[in-house]
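Just passing along the structure, written as structure tokens.
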Amino acid sequence: MVNVGIIGVTGYAGEELIDILLKHPSARIANISAKIDKPRRISDIFPKFKNRIDLVCSEPDLAKIASTCDLVFLALPHTVSMGIVPGLLKAGKKVIDLSADYRFKEAKIYEKFYNTRHTDKPHIAGAVYGLPEIYRAKIRNALLIANPGCYPTVSILALAPLVALDLIDLDSIIIDAKSGVTGAGRKVTENSLFSEINDDFKAYKVNSHQHAPEINQELSKLSGKKIEVTFVPHLLPLDRGILATIYARKKKGAIRKTQNLFTLYKNFYKKEPFVRVKNEGDFPRIKDVFKTNFCDIGIKEEKDAIIIIAAIDNLLKGAAGQAVQNMNIIFKFPEDTALI
Amino acid sequence: MVNVGIIGVTGYAGEELIDILLKHPSARIANISAKIDKPRRISDIFPKFKNRIDLVCSEPDLAKIASTCDLVFLALPHTVSMGIVPGLLKAGKKVIDLSADYRFKEAKIYEKFYNTRHTDKPHIAGAVYGLPEIYRAKIRNALLIANPGCYPTVSILALAPLVALDLIDLDSIIIDAKSGVTGAGRKVTENSLFSEINDDFKAYKVNSHQHAPEINQELSKLSGKKIEVTFVPHLLPLDRGILATIYARKKKGAIRKTQNLFTLYKNFYKKEPFVRVKNEGDFPRIKDVFKTNFCDIGIKEEKDAIIIIAAIDNLLKGAAGQAVQNMNIIFKFPEDTALI
Amino acid sequence: MVNVGIIGVTGYAGEELIDILLKHPSARIANISAKIDKPRRISDIFPKFKNRIDLVCSEPDLAKIASTCDLVFLALPHTVSMGIVPGLLKAGKKVIDLSADYRFKEAKIYEKFYNTRHTDKPHIAGAVYGLPEIYRAKIRNALLIANPGCYPTVSILALAPLVALDLIDLDSIIIDAKSGVTGAGRKVTENSLFSEINDDFKAYKVNSHQHAPEINQELSKLSGKKIEVTFVPHLLPLDRGILATIYARKKKGAIRKTQNLFTLYKNFYKKEPFVRVKNEGDFPRIKDVFKTNFCDIGIKEEKDAIIIIAAIDNLLKGAAGQAVQNMNIIFKFPEDTALI
Amino acid sequence: MVNVGIIGVTGYAGEELIDILLKHPSARIANISAKIDKPRRISDIFPKFKNRIDLVCSEPDLAKIASTCDLVFLALPHTVSMGIVPGLLKAGKKVIDLSADYRFKEAKIYEKFYNTRHTDKPHIAGAVYGLPEIYRAKIRNALLIANPGCYPTVSILALAPLVALDLIDLDSIIIDAKSGVTGAGRKVTENSLFSEINDDFKAYKVNSHQHAPEINQELSKLSGKKIEVTFVPHLLPLDRGILATIYARKKKGAIRKTQNLFTLYKNFYKKEPFVRVKNEGDFPRIKDVFKTNFCDIGIKEEKDAIIIIAAIDNLLKGAAGQAVQNMNIIFKFPEDTALI
């Protein structure tokens, strides 16, 4: 039995972590905390947890967390985690950080896109980017996991076979992504009001979203060459789910006539419990991955072009589900425990 | 041509007033204002008005408003209007106030339910409750209109025939009302976030909503006896529209065997351009009154019980549409101008 | 390990049964069937089940079902189950029928409201109405469970304490219920199109819904006197969830001054794993019971009146969840297995 | 006063035509018809029109239509219009056809994508493609208007300046389009059920939609060279509105350093009443064009790439609004009559 703590439990990802971990036979939620005025029962904050969990949520007390937990999930706003991670690591705790703080190998890129100074550079190098389909071996022994962003998770999984096998022109990648509103966290702004979202649809941060450099870093690593994608996120009038429609040009001569992209994708992901490659003519939809940890991928070839469509639940495979998948890997539990 | 001003133009009702008045052949929007950091073109605040209206919205300047407008709509939060009305009336302007400030004949009730002191008691007596179906004659000569609340509009129209003709037990009235989210105005609170409303439904202010005393006041006037309704409002996951399901017991012997409630309602409202009484077996739905100034009413008799179902668009018949209807009456324009 | 079959697996309740049973450590889905043109893999019908279950759905083959299953869930349209139940019972199988076919002790009422002749009257008497909070003892030994309707489940649980303890006027009960669209099943009609539901809200079958006699039967049994409720269902623009707002008059002198309704409800349900009584001032909302098997109940006293607000997920506590709860009781599994 | 007929009045576009024409001071709806079992008052079919229009909808009677109408709108399913148009033209009526039947200059392309034989080829050549921003001069004297498709309208308006001025690589155009569900018409299919659309998002007809050849035809005409776009439509969980995100590569050397795309677009559309070009950093959203006849266009330059985002209401600028705009042009009414 692993004892886990959740810091930042009042946000969407924290709420989701509780939901998953309550179903986990080998993990026990030992401590929950958040920025909060005064201690409150979690079932008073989220009445849906009444009769299911009876813990009190207080401000994080690192000594107490360290003494009761083996692993700590940080479901905190970006720039907050890096103030907490050093203490937890020093206390010998495993850490899975759902924020962006340790995702970038170059602190400079993080500092530019998150508009802040990185205050814990020494731990960046050791942090493992927690995308199991790419980094499972490293995750097994990681002390600190930088859990990927939601858009990067779906984009990298959709493109990894093409990029790793060098099948497309690297300057041709366009990611047209559409996300439900929980992707932005539980921030109270006029833009997030029901009447601003319902019956509406729009692009935002057009080719300037902070997830673009994260996608670029990981695709570039897979390719060995520098990749800069075009990335346009849009806001859907629904709670959760991301669907990305991705366009790329085939690299001349790279795909043999006899090669079949569907076979190629299915082989690439054949041992993956959470990636489902569709057959020809079938495409993903958000409803199929809603409240699941799956990433569904559909493929369309069109002469020189390839269109990849991929979908995840941004709060599960895009956040809390992937975090628990990483925990399962670290503690050698079956990887899909509590996730299927 | 009437020159009108709108104070509080950045709220939902203000936005709606612009939309209606732009279609009005005999009214010209001469001045728009709101609590605002610095003057902004209204088409920058609401891009949907681009190419349709080119005015600048500033903080209200009463001297300027008085010199350019014949009539002023106040689309302000409750408790703000009463600070502005005296000045406008003194300057000889007609005023249609969409807030609750002048709706209550007893200031004490207002003060209790809106939790504030009334600072302009002298003008309460002269204010006319702007429900044309009941007070049209008074509205014609009114200087100050207290435009009704959204729940009261639909509830009073649904019950007026029964109460005025003394057909039901007055202590039996139950109003189970359901409203879209714009009813609460454009307030930025966690409760109004998309993810708090979408896929959800709940009651709120259970039998303690500030519209109950407004309904009680008007029904009591119609009846000549004191009425206290049971009133439970609920929040629908949609932008606009109210549907109220109302239950009452028939007064023993009051309805003659030969009497038909449908005929009775149709007669009661036969000259009303905006009340549509349904035939037996047909009931209102929000879609039918969406973006219209109509109030649709359906009736179901069941032995000793009467069920009345009524629907309006809370921003039109429940606010801005009714306000323009009142303006039309005051200025002797055809009552449905710009509203149909 | 119990081997279960699901007949009618392509409807909403059938789909939900799969979802629950896949998480059940002591149940195995052995056979799935439905009215279907030709056999299809369930993961082709519902792509969300890809990688989770690999069975083929065919037309029901009773011999095969009988030879592979211990218990059979019937998730069929009303009037279909009664053609199948006799054969399954004869083969010694336990049956949980989610349709209305065996809910009514008087076949005449069923025949009137479902507009058909009952073709299996002999099994009506032995069928147990599967509401565990009322009939748990009988469910333990039942061979045939008539799983309750969604509106009856929430209405009976909300009213049972008041009716069983004789605290209200029995002729005063009004149930104003609001349901998501899956309550009507996966029927393809113009009324169920997205554009007919989205942004809309309406009443339907006003005081003529077939769930009213089911509520009447069960409340009358609890009371020992004949009860006829007023029941008005409404359609919410959301997928799943029911919230009922219920009004009743206190019986004169029945509630002692020292008695507290909250205590009374909490005592009544103190051993129930799936009923959560709210504290004073707190009320249920659909989001809190979404995708759970809970029934949340809130109470408001108002002089002579009592307002009860209750919420369930219509596909779980109102259908598939309650069916599995009944299975757990029959097979002596912990009652909340796979449901929390 | 123009007397107009609407054939196919029970579909979304027909319903919308009524709504617009009721506000039109110079047009009178003289005849409405549709495929219908028996004649019905239009206010019984659409209760929202009660008290607004009192016509009866019957099966189309061409003799009667010809004798009472000057212009006829055909709001019919594809392949039906071509059976009606010859008779109307022969009778000397002006026709605005909202279907695809006369949009394609090559009947073969129509026949391939609409999977039917074209039965009125003689009238194809004379039909004018009713996109006023491109064909206004021809529309003025047209006898038969082929009203454009919704996706083509938004796509062509978004791309026309770039294509007409030869600024982009013609093989680089990718149109990622997202539409509300009314775009598919009022067809009753399982795919269009509320529960299939709500909380979901998906691509459909991936690069095989019948609007792609329509876009290709018109862009090729503007360019003088053959253009084949990549076109992926998606389905949004909302009633009405389309937003298209369009990607293209700049043609080497075609855009001078001193040239500004915003200025270029604004000049291109400077006399257009219904095209609104956004300033740098501002982008369209569906809410801004909801229930309007506007097409909003935003631009983002990114090194070698151009991203154009454009939005319309698919039932107005994408169908009925544009049809009335065309009528206004033909009859020399101010072009925005009843549309603003």
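First chain written, first letter: the chains are A, B, C and D, and each begins at residue 1.
The definition used in the following text is that a contact is a pair of C-beta atoms (placed from the backbone, for glycine too) under 8 Å apart; a residue touches a chain by one contact, two chains touch by 3 or more.
Keep in mind it's a predicted model, so treat the numbers as computed, not measured.
Undergrad: Starting from the Cα centroid of chain B, hunt down the chain whose centroid lies farthest away.
TA: A
Undergrad: Report which interface contains more C-beta contacts, comparing A-B against B-C.
TA: Output for the comparison: B-C.
Undergrad: Rounded to a whole Å, what is the gap between the Cα centroids of chain B and chain C?
TA: So the centre of chain B lies 40 Å away from the centre of chain C.
Undergrad: Indicate the whole-number Å distance between the mean C-alpha point of chain B and the mean C-alpha point of chain D.
TA: Each chain reduced to its C-alpha mean, chain B and chain D end up 37 Å apart.
Undergrad: Report the inter-chain centroid distance for chain A and chain B in whole angstrom, where each centroid is the mean of the CA atoms.
TA: So the centroids are 47 Å from each other.
Undergrad: Mind pulling the residue numbers of chain D that touch at least two other chains?
TA: 196, 198-199, 237-239, 285, 287, 290
Undergrad: Using the touch rule from the top, collect the residues of chain C that touch chain B in their complex.
TA: 174, 176, 178, 196, 198-204, 206-207, 230, 232, 234, 236-239, 241, 243, 245, 247, 283-287, 290, 298, 300, 302, 305, 307, 309
Undergrad: Under the touch definition given earlier, write down the residues of chain B that touch chain A in their complex.
TA: 12, 181-182, 186, 188-190, 192-199, 237-239
Undergrad: Looking at the complex, which residues from chain A come into contact with chain C?
TA: Going through chain A, the ones touching chain C are 22-23, 47-48, 50-52, 199, 273, 276, 278, 282, 285, 287-292, 294, 296, 340.
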